Amino acid sequence: MIPRILNNVLRFVVTFVVATVMVFLLLRAVPGDPAKIALGEHATPELLAQMQREFGTDRPLIVQYFEWAAGLPFGDFGISYVTRSDISPLIADRVQVSLILVVLAMLLALVISIPFGTLAAVRHRRASGAIISAVSQLGIAIPGFLAGIMLVVVFALGLGWFPANGWTPPGRDFADFLSRVTLPVVALASVQSAILTRYVRSAVLEVMSEDYLRTARAKGLSPMKALVKHGLRNAAIPVITVTSVQLAALIIGAVVIEKVFAIPGLGSMLLDSVANRDMLAVQSIVMVLVGITLIINLFVDVLYTVVDPRIRKSA
Amino acid sequence: GCNAGAGAEPGAAEGEAQTDIVVALTGEPVNLDFTTTAGAAIPQALMSNVYEGLVEVDQEGEIQPLLAESWEQSEDRKDYTFKLREGVTFSNGEAFDAEDVKFSIERVQSDAWVSGMKAKMDIVDKVTVESPTSVTVSLKQPSNAWLFNMTTLVGAMFDPSGVEDLANEAIGTGPFSLESWTRGDSIKFAARDDYWGTAPKVQNATLRYFGDAVATTNALRSGDVDVVYNMQAPELVNSFQSDDAFQVLEGTSNGEIVLSMNNKAAPFDDVRVRQAVMHAIDRQAVVDTAWNGLGTVVGGPVPPTDPYYEDLNGVYPYDPEKAKSLLKEAGVENLDITFTVPTRPYASAISEIVVSQLSDVGINATIETAEFPAVWLDKVFTQHDYQMSVVLAVEARDVLTMFNNPDYYLGFDNEAIAPLAAEADRADEDGYVEGMQEVVRTIVDEAGADTLFIFPNVVVAKAGVTGIPENSVTEALDLTDIGWQ
Amino acid sequence: MSTPSSAPGENPPSGENLLSVENLSIGTRGFTLVEDVNFAMAKGERIGLIGESGSGKSLTSTAVMGLLPEGLEATGSVTLAGHDANFIGAPDATLRKIRGRDMAMVFQEPLTALNPLMRAGAQVAEIMLQHKTVASRREAHAKAVAMLASVKLPDPAEAARAYPHQLSGGQRQRVMLAMALANDPSLLLCDEPTTALDVTVQRQVLDLVLESVILRGTGLLFITHDLAVVANMCTRVLVMNHGRIVEEGSTEDIFSRPQHAYTRGLLAASDLEATDREGRLFTVASSAAYIPPTVEEARERAAADAATAAAAPPENTGPAVISVRNLDRTYTRGRASLFGKPTEVHALKDVTFEVPAGGRLGVVGESGSGKTTLLRILAGLDRPTDGSVVVAGNEVAGAREADLVQLRQELQIVFQDPMGSLDPRMKVLDIVTEPLLVPGRRETAAQRRQMAVEMLEAVGLGAETLERYPHQFSGGQRQRISIARALICRPRVLVADEPVSALDVSVRAQVLNLLADLVEQYQLTLVFVSHDLAVVRHLCDRVVVMRSGEIVEEGDTESVYADPQHPYTQKLVASSLNLRTEVLAKELVANRPE
Amino acid sequence: MIAGAVLVGLVVVAAIVSVFWTPFDPVQAMPADRLQGSSPEHLMGTDKFGRDTFSAILAGAQITLLVGIVAVAIALLVGTPLGILAGMKRGATEEVTMRFADVLLAFPALLVAIVFSAVFGASTVTAMVAIGIGSIPGFARVARSGTLQVMSTEYVQAARASSQPGLRIALRHVMPNIVGMVVVQCSVTFGLAVLAEAALSFLGLGTPPPIPSWGRMLQTSQEFWGTHPMLAVWPGLAIAVAVMGFNMLGDGLRDRFDPKLNGEGR
């Protein structure tokens, strides 16, 4: 188990370093000089040179890279030459928002999709199962932002139950936080639960044809009890995999929902930073994302070993 | 006004006096330092509210005293002597005096300002402190434009001890002090109790920033914000107009929507082709479809609030047949062009109708989007790598910026302009207006660019909000007068 | 070798009825899979259900359990003594109370039949808790450990804590058995419980099952395709073919006096010691001439065997085609981490042997003993860690891929799984001619086609099969195609990895006969891997016995059989169930009163 | 499966028909006709430029299909060989390719698209390429696991035992046998690409105007939620039809290729 984790950490480092180089180089190819943008319509060559000196963008790439990369392990992303302030605390705020949003949405999606997906599998020959499948098909096919807009139109503008948008950190005013977080979380979760429902269904269907389930039935367990006691944990493994992949993708993927609900998350920060050619911020956001993805993988790996003794053994 | 519950019931707070106002905007500043960072967002938030100049422009476009109680111009119209208001302090407690004026103006000319705007101060020869409340600015030559420029951000007064971290802190003499800035969300101002002038109507003013226009009106409907200023989704206006809980103001701005044609490159290096475009486009139809009829069609690059404005709609009436014959004359029938459109809501809306109208006269325009500001500035503005584009020119009194510089991205090159313009700047006020009108007419005749319409300043607010500056004639959004009934 | 069935103290079936199955038919909509099955089982009776793959054995047993797969419908009646309900059509709630308590089942594949995420002890305890046959969870666990002990798991407490993957196949099957017997059911159904196990382990499990049911007086329905196993285990036999029971009778009767042609065919094909006049194995087709074993004949034969063993067989002294010296193969695996210590598996340790031209070497040994590894190295599919392997003059060890082309013209391989060894998406023509598509060969497409036709004819398939796909063939036919592919470039050496163990007995004999013919015809040197001693004995002149990567014994086939030297070989020989021996044992018991 | 094929067919037919004919020019603005409701003339009404929505929906199918096809093609052509390579070559090659896929996996399509739009400008091409790149890891994984399965079969052993070169094994054995899984992945990715394109257009990073795109139609319809909701309904419906079509087709294909599920897919 320990070596397994060490190994993952090593992979983490390798992937991370490769990603830093890739991201750094890719972003150097971006047209649009941040100095030019800062100067706007009245730039002159002298001013431009002065600005570039100030930004440090006139130095060799390799110097810029190492300066940036050296700070990364300590969570120090440097000072943005566009916002002129420390990037790390800004990202920390945004990541917090995104994580709250995405994790809550995933939890809600799991709470919805596990029972429904299971039911859809168990009843796959009956109408109720077909209906769940059809609804989940539809849920996947509706773009997330459309779901968000519809929620706003109905529950915020129409019924007035929730504020239409905006964000309050949970620490400041928890009741307000809840009222604001509800709609975006539901919007995200509606799509995610549709996706997960399908995965749960197929995982459970697969498990249902397993021999050990027949063994459980042969012991005298009812089909449902056999499934709950023996099937679900086995079905959990593929579901954990998708959940983790979705979780990682959603941190940026939630940007459309952030936009609909005017939430200051990591995705919208990325959009803004790209628009402002805040290269350091873009780089740093991408690296944070890579980091989070890899940490999720690490965590999921540990989770597998908890769920599945076979993996524990192979360590 | 951040509490959803309270905001959702508009009538609830009416009994007691409301002391807070929340204004929704799109387009957040990247930092707070307009001395080194371009863009309209910073002065919009800070000028008039935190920073003040010696003079200001009123809603009608007239220059009025501000930190200067009055001023005198010398005989040769080169020296301005300002009498400063007494008892003015910066928000850090420092007193404002003539030294600060000298410091601020000279700072613009120094390397500390890294902004193209600083060129507007080039004309200043020297600043002389006469007394703590009197200062003389000597120009190299007479200029009508300079005093107006002093109403803009280059005229902002700073305290020498307050310029350390301009990107994150703002210290000025204005009615508000910067309380906090939550990036990606809002800037909060608190009214200063030691403000020299009339105290603002509210204690706290918040500027909340949104990614798009629909979000701003949604926030207004659900009570999170009180005012949506410079609203960018004109179609949404209709539903507010019919609702008693809200008021809609349709003011003007000094921004022109300019359909730019690269005068230096084919096919628009041919004046006939440019003129054909002027005739091909039904400007009123553009406003009506793309911007819900909001906006003023003026026919030239000057907003009605400028002193030298005149209606030039008659120069190029909508006339597709004329356009076609001009194109034929120029020998470019069935013209294929690329239309570089910045990623802004107005631009994409306008581009669709423009493309359609151009195709009616046989110009086949292919849209290519350019991310704004980054790509657009780089490609169109700096490299002049474009044929046609459309952009909102927000800078006040920018005719000469646009058309008196052959190296400007428009590439408009007409020797007649420069002497005319210099003459006008030096002349007295009447001469200034007349001279500038001639400049503008020359530009329009030569079809330097097609000014599609003057961008409206659409404001949607809760019915009880008063004192909203209806016209956006300066870069600032002045919060001082905004209050509650 | 003492068979428990002949052990004294066995209670004869009491005659009281335990299970009756009447007019049982199973089918999908409009398609009958099992038709009109009738049989009754007395308390404590042991009935064997035999028949080839797909004959409906498993369906019958699952119908008895009331666990038919979805989509299948049963009619008829199944009743168990002590319960009024007809299992067919009874609500699941009723059956639930019976399943696991009064009847239990052991399935074929013990790895998949156990929940991989649950400890063995808990799985055994669950069946007791489910039926509340124990007072508490703690007692259930204690009883579970006791049950695990009763199925002779070495360290029952430890085993109870283990997850299924931590147990060997045989151990897992013991856990299944412990589970099935935990509530002391009156009926035990076993569906091929030992086919996935090694010979030695199979023998232990079978003995255990037998012992347990006899001890408890449990009725046993035992499904297998292995006639020797039935002969060993059961008192009565049902023979199934195409969903019908074609013959039924006591074990002695069925095995010595089969009435139905199908039964006779099965019997003939299973008996690898009987050959027809041309010295070839009996097949279903030629079974008419087959004479089931009798006591007298057996005695004669035993004497003859002893004689052959004594007389040294003609030593094959040709030059060695395969020469293996001090071969080692070590796998490093389980290195989950770049830091962790890799575990080493010595798949082969210091293996040395030679095969002369035209020799036929059998390789036997338990699962994991390194047989496949050895063949893979011979075929150049795997590299030895150490040692030397020379095949037809080519050194395999350390050879580059390009050097192996020559080797592979000389040596070809036939695999176990008749489906898996043929690409399902290729036509027979392409499959068979694939070995010709190597650098250095220059046949045109037409020539290749001609060669394929000849080769297919040689393995008994017509030219019309060229354009067909593998799934359109039966298992035996597919194995013929594999053989055709292996022989098309006329190799001198053929290595075969369990080529018949996945086949039904009825086709096994055909394939073995074919192999024997071809080896003769093409003058092949043969290396033949099998866990089935009888097959090796029939086909090979020499045998090596492997265990844990080492050769523990080597010698002429007959002498190794007759007189095994190494304890492991002895155990292996003793464990293999032999149809003749079993039947004779039964007959002896049956004839004893006379 | 049939339902899926029908829905996909609908989209394809719309795309093909719109190349030759639409009731109105989907690009031509007719200010006089703006914001009309459904009528016999304008089946789905008109937008704020007076353009016929039905024509735009038909023509939008072109972009949807184009984005899907190109994105899938990129992911397929890069991801599948990578996966096969990783599955066939053990050791360093596998490790490197899978690390590469890992890194890519940390860059979801939307992130790639946002960054790419900065590098190359927002356009249909950028969107397609970004979505394609974002989908590479999915293909690589599917192809690798399929290849690992195939490589462990005895027919590959047999091929190797007769010295078949690696490339021929890849072409003759691996590819035909993983084609089913890959086709399923194509279909699923297609659905995802349609959604991703819509999301990108919503963010203004997709197809530029005036070329009709369902995602951008949805985006611009936002202003009209209160007054003309049908402007959002039509493109929303079109997207749902396309995505559902491809997903259901994928499910159907999966069942075809995976008999184990026995007529049941997810």
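Going in written order, the chains are labelled A, B, C and D, and every chain counts its residues from 1.
Basically, a residue touches a chain if its C-beta (ideal position, glycine included) is under 8 Å from a C-beta of that chain, and two chains touch if they have at least 3 such contacts.
What you see is a predicted model; the values in this text were computed from it and never measured.
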item: Smallest count of steps, each to a touching chain, taking chain B to chain C; value: 2
item: Comparison of A-C and A-D by number of C-beta pairs in contact, larger one; value: A-D
item: Whole-Å gap separating chain A and chain C, where each centre is the average of the chain's CA atoms; value: 51
item: Chain centre separation (chain A, chain D; CA means) in Å; value: 21
item: Chain centre separation (chain C, chain D; CA means) in Å; value: 48
item: Chain A-chain B separation of Cα centroids, rounded to whole Å; value: 39
item: Chain C: positions in contact with at least two other chains; value: none
item: In chain B, residues with contacts to at least two other chains; value: 212, 371, 374-375
item: Residues of chain A touching at least two other chains; value: 31-32, 157, 259, 271, 274, 277
item: Chain-chain contacts as defined at top; value: A-B, A-C, A-D, B-D, C-D
item: Chain B to chain D touching residues, read off their complex; value: 212-214, 233, 235-236, 238-239, 282, 285, 288-290, 292, 341, 343, 348-349, 351-353, 355-357, 359, 367-371, 374-375
item: Touch list for chain A against partner chain B, complex; value: 31-33, 36-44, 47, 50-51, 54, 82-85, 90, 93-94, 152, 156-157, 160, 162-168, 173, 176, 179-180, 258-262, 264, 268-269, 271-272, 274-278
item: For the chain A and chain C complex, residues of the former touching the latter; value: 3-4, 6-7, 10, 125, 210-212, 214-223, 229-230, 233-234, 307-310, 313-315
item: Footprint of chain A on chain B - complex, ascending; value: 2-5, 7-8, 28, 30-31, 33, 36-39, 111, 114-117, 119, 165, 167-168, 182-185, 208, 210-212, 215, 218-219, 221-224, 371-375, 377-379, 381-382, 395, 401
item: In the complex, chain C residues that touch chain A; value: 65, 67, 70, 92-93, 96-101, 104-105, 107, 109, 112-118, 126-127, 130-131, 163, 165-166, 176, 179, 334, 336-340
